[in-house]
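Think of it as A, B and C in the order they're written, each chain with its own count starting at 1.
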Amino acid sequence: MMKEYDLVVVGGGPAGYIAALHGALHGASVALVESGELGGTCLNRGCIPTKAWLQTAEALLETRDWASRGIVLDTPPRLDMKAALASKDRAVRRLTGGVKTLLDSRKVDILRGRAVLKGPRLVDVEGVGLVTTGAVILAGGSISARLPIPGVDSKRVLLSEDILALDKVPASLLVIGGGVIGVEIAQIFSAFGSAVTIIELEQRLLPAMDEGLSTIAAETLARRGVNIRTGVSIAGIAETKEGLALLLADGGRIEAELALLSVGRRPDLSCLGDSGVKVEKGRVVTDEFMETNLKGVFAPGDINGRKMLAHAAFAMGEAAADSALGKPRRAELDYVPSVVYGKPELASVGRSEAEARAAYDRVELGVFPFAANGRAVASGDTEGFVKIIIEPRHGEILGVHIAGAGASELINEAAALMRLEATAHELADTMHAHPSRSEALMEAAAAALGRCLHLPGK
Amino acid sequence: MASSVIMPKAGMAMEEGVIVAWLKKEGDAVVRGEPIAEIETDKAVMELEAEADGVLLTITRGVGEKVPVTEVIAWIGKSGEIPPATATATAKAATTAAATPAARRIAVEAGIELASLLPPPGGVLHADDVRRHIRKDATPLASRIAEAAAMDPGSVPRQEGSRTHKADVEAALSSRTPSSGDPQSTEDRRIPLTAIQRITGERLARSHAEIPSVTLFALADATRFLAVRKELNDEGSIRISVNDLVIRACAKALLANPRANAVIDGDGLILKGGIHIGVAVATDTGLLVPTLRDAARLSLPDLSLRVKDLAGRARARRLRPEELEGGTFTISNIGMYGGATSFTPIINQPQVGILGIGALEERLFLEAGVPVVRTMLHLSFSFDHRALDGAESSSFIKAVKDLIERPLLILS
Amino acid sequence: MREISYAEAIREALSEEMRRDDSIVFLGEDIGVYGGAFGVSKGMYAEFGGERVRNTPISETAIVGCGVGAAMVGLRPVVEIMFSDFLAVAMDQVVNQAAKARYQFGGQFKVPLVIRTPSGSGTGAAEQHSQSLEAWFVHTPGMKVIAPSTPADAKGLLKTAIRDDNPVLFLEQKLLYRVKGEVPDGDYTIPFGKAACRREGRDITLITYGRMVARCLEAADSVKVEGIEAEVLDLRSLAPMDKEAIVSSAKKCGRVLIVHEACLTGGVGAEIAAIVADSEAFFHLDAPIRRCCGSDSPVPYNRTLEESIVPGIPLIADAIRSLCR
C-alpha cells in the first residue's frame, strides 16, 4: 500500500491530464496513472499527428498554386516520407513532454502502468500496487471501432494509429468510413501521392455535419482526384497479392494496397475491471456532473461517449475534478465546436440547418462566400463560405458552419458569442479588423438579418 | 454587562494618572479587591484594585500612557463578553451599503450581494440601481426576448450568482399569469418541452399504445388510517405522510399478490423477487419516478426518510441514474393536488401495474340507523390485462384497501 | 350633473336627513335665523322651526353635553361647534362622555351624535380660530373622525355620519365651503373607512385629506412633465382609516409623501407613516416615508405668514421631486 491521494486519475489523455492539473491547482493531492504516453489519443495518435501531416499535405498542395502567384519552381517539390514522419514525431514528443512538465510543475504524481478500478476508493496499478484515494476519475478514453466483417483483421487493414506510423506512402489507399478521421486522412495521403478512395455507408461524407459542409468537402476532394463512393456497405475484405480487395454488398470490388478503417471510436472500458461501474451500449453512464453509478467515481471524456472530442474532454475533465473534490460542477456541452482539418478546413458549432428547421418554426440563413472577402481574395484562397442560421424574432444564433482556410479559428468566435447569448445583431454590429477572414462572420450575420452591404442587393 | 475599570481620581486635585504597570493581562481571571494595575498619581504609585469579579476582557490604555481621571482603561466581564467600546469599533469597521428596502428585496430575489454593487453618487442604493445592474447582467438574447414581451429583464428570477439567460426569461414568461401579461397579446407562444418531458412523453405514449390497460377503482375507509397516522406523528419524530403509509401498504399487498409485482418479458411474465416501488415526483422540469428499493423490508421510519430523500433529490436533479431504474411497481398520487378525486394512471413499462392514490373525501354513512361521517380514500389500480385478470387485479386492490381499513396491519 | 358648493351640499344632506327622520335635531350657536357662522344652515330654521333647529348659548360644554344626553335618550342630534378650536372647551363632553358612554354603560346606551365643526386655517382668523385638531380625536377610541374634501363627499359622508349610531366628529375645512363640485341628486351615502383615489399614479403616492387634496392634485400635474406620475389618495375618513388602500398604494408606488395642513409633529401623518412602515409595503419602499405638513406653530394672524405655515403647491412638488430623485 502506498500514499493515499485525494484524487487518482486513470488515463493521461486530454480529460485525464486536465482533471489532474485542475485538481492539483485547487490543492488536492493527485496521482495520474498512464500506461503509455502522456497526452492520450489526441496527442499521440489523433489530433496532433494528423494536424502535423495535414500541414505538410497543405504545403504540398499550395506549391501547385505558386506559379500563378509568380513563384516559379524549376523542379517540383517531392515528399520525403521518412522526414515527414520524423517531423510529426518531433511535434508529438514536444507536446507530450509539455504535458509532463505541466504535471510535474503542479506536483502530480505520475504512476506508470495499467490501472484497474477495484472499488470506489481503490485503484490497482500494474507494477505499482493498490492505491487508495478520496475519489477516482476514470479517463480511459477510446479506441478505434472495428467493423464485424470478415477479413477485417488483415494486417493490410490499418487503424488510424497504425497509419500515422507509416514511413512509406502507399500507392493506393482505401478509406473505409467518410467521417472526420477518414476525410482528414484521405486528404493527407492524396496530397502525399496515393490514389485514394473513400467508402461511406451513409449517403454523404461527414454525415453528422451540416449538409453544406459535406457538399464542399466532396467537391474539393473529387477535384483533387479522390474517389468517393457513398451509400455503400461492405460485405468483406480479402487479401490479394499486392494488397487487398474490398468486397461490396452490391457485388462490387475495389482493390488497393492498404485500407484504413475509420468507422468511429468506442470507449475503452478496460480500466473498469469488475468494479460495477454501469455501462450502457458500451459507454460509461454518468450524470451531468460526470459521476458514475459509484459514488466518488467519475468518468469524463471519450469513455462516456457524450462528445468524443478533445476540447469536450478538457471541459468534462475540469468538471469531473471539481465534482470529485466536493464542488459539483456541470460540464457545459451546449456549444461544442467540431472541426475537420484539411483544405478547406470545415468547422461547425450549434445546430445544422436540418436540425434548426426541425426544431424551430422560423429560421433564416445568412451565407457569405470567402470569394467576397477582401483578405481571402488578396491572399488567393477564396474557397468556402460562412453560413449562419438564426431564429429571426430575436436574432438568436442557432448554428454557424464555416468552410475555408482558418475555419478552425473563426469558429471559436462564434462559439464564444453563442455561449454568451449574443445575437446576430451584436455579431453584425461588432467591428472586425479589415481585411480579415473573420469579417465573413460579421457579414454572414448581417446577411441573415437581411442587411449585408457586401453582397449585391436583391 | 461588562464593567469598566477607570483611572481613579485618587486625590481632589488629580487631573490625570499614568499607568505604570499592568499586573494582569487580557483574559486573566480577576477577583474583586485583587490588584490589577499600578497607577502613578500626582503623589505616589498606588495599586488599582478590581471592583468586580470576572475576566479582564480588554485593556484599552497601555503602560506609560497618561490618562485623564475617570476615563476607562480596561473592561472586566464574563469570558467571551464584548465590552461596549470594542463592539462599536467592530460595527463601524463593517459597513454595509445603504440601500432602500425595495433595493434590498430586489437584490435578494436576484441573488445579488448588495456589497458587490458600486454605491451610487449620494451613497444610497435604490431599486433602479439594482435593476440596472441586473439588466446589464442579462445576456443580449435574454434582454431582447424580455423586451419583446414587455417584461423588465431586471425583474426576472434567475440562477444565483449568474447572469439572466434566455432560459430564465422564458421560464418567467411561461409562468406569467394572463392578467399580469400584455392584455392585447393573443399570439401563440411556443414553449419547448424539457428533455425529461420529451422522454417521459415518449414512454407514456408507448405504454398507452401497447398495453391493454384496465383501471379498477376502490374506496377505502381511511378514518382509522388517518387517526393512526396522526398518533404516529404526535408521538414520533419523523413526519409520516399518507403517502408513506400507502406505499408500505402497497408493498405488503404486493407480497401477497406477486403477479402484480411483475414485468412483461416477451411471451412470459417475470415475477420479480424484490419489491422496488417507483414513487412519482413532480419536478419543475417534468415527472421523475425514483425507485424505493426493497420497500417491503423497510421499517416505516426508514421508508419515510428514504422517500423524502428521493423526492428532495429528484427536485434538485441530484438523483443517480440507477435510482431512476429497477422499479417493479409504481405509485402515483393525484389526490394531493386537490381538484381531482381519482384518475387512471398510465403503467410504467415494463411493469404490469400502477397504484393511483386519489383524494380523501368525507362521506355520510348509516351505521345501525345512525348517520356517521367517514373519510374515504380514493384508490385506482391500472394493470396490464395480459398479465393479470379481473380476479387477480381485484385481489390486489382489495389487499391495499383492506390494509388501509385496518391500519395497524400496515405497521406490523 | 349639477354643481353646488360644499356648504350647500352639507345643508342638503342635513335637510334631507331631517326630513326623513324627525328624531334628528340640530343645535349650535347662531344656526337659527342667522343661518350659521358660515351660512351652512341658511333657510333651515324656516323649514324645520325652532324646536328642531335650536340656537344655543355660547357654551360648548353645554352644546356637546346636550347632544350627548339627547342622543342617549333616543334623539339623533347634530351639533355644530362654531370653530373646531372650541372643542377644547368641550373636551370632557367629547372625550370622556360621548366617546365612552356606550362602552361604559355596557351597551345600554348608544350615542348617535354628530359634531360638525369648521376646521383649519386660511381665513385670517388667527391662533384660536384656525387649528386642525383631528389628531386629538383620531387618538380617542370611540370617536369617528371624518374630513371630506369635496361637496359630493361631504353630502354622502354626512348622511352616513347621521345614520351612524356612534359619535362622529365631522370636520369641514373653512376654505372648502365655497368650493363647488358635482353632487348627485337625491339620497346616497359614502361608507366610512374607504379612501378615494383621486389620481392614479406609479412613481409616488401622495396620501392626504381635506384642503390639501386639491393642492396635491395640482402638484402632481406640475411634475408630470418631468416624467413623474404621482398617485393622490384622499383618505376622507381618518377614523376608521382605509389601511388597505394606504398599504397597497404605497406598495405599488414605492414612495410615499403624506400631506396635511395640520402641524407635523404628532399629526395624523405620523400614524399613516407608521402604518406604511409596518406593512408589506415596507419592502417595496425605494425612498424614506416623508411628511409635508403644517409647521409646528400657532396659526399667525398675518395673512402672508398664515399662508406660509401650510404646504403650498411648490413645496409639495419639491418634496415629490426630492423623493423621486
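Quick note on the criterion: a residue touches a chain if its C-beta (ideal position, glycine included) is under 8 Å from a C-beta of that chain, and two chains touch if they have at least 3 such contacts.
In this text the structure is predicted, and so the values were computed from the model without any measurement.
Novice: From the centre of subunit B, which other chain's Cα mean sits the farthest off?
Specialist: For subunit B, the chain whose C-alpha mean is farthest off is C.
Novice: Closest chain to the overall C-alpha centroid, by per-chain C-alpha centroid: which is it?
Specialist: So the chain sitting closest to the middle is B.
Novice: Between subunit B and subunit C, what is the gap in Å from one C-alpha centre to the other?
Specialist: Between these chains, centre-to-centre, one finds 51 Å.
Novice: Indicate the whole-number Å distance between the mean C-alpha point of subunit A and the mean C-alpha point of subunit B.
Specialist: Computed from C-alpha means, the inter-chain centre distance equals 44 Å.
Novice: Roughly how many whole angstrom separate the Cα centroids of subunit A and subunit C?
Specialist: Whole-Å distance between the two chain centres: 83.
Novice: Got the subunit C residues that touch at least 2 other chains?
Specialist: none
Novice: For the complex, which residues does subunit A have touching subunit B?
Specialist: Checking each residue of subunit A against subunit B gives 278, 285-287, 291, 293, 295, 359, 361, 393-396, 420-423, 425-426.
Novice: Within the complex, which stretch of subunit B touches subunit A?
Specialist: Subunit B residues touching subunit A: 139-142, 144-145, 148, 165-166, 190, 192, 320-322.
Novice: Which bits of subunit C are touching subunit B when the two form their complex?
Specialist: Answer in residue numbers: 254, 282-287, 325.
Novice: Okay, in this complex, where on subunit B does subunit C touch?
Specialist: The touching residues are 100-105, 122, 126-128.
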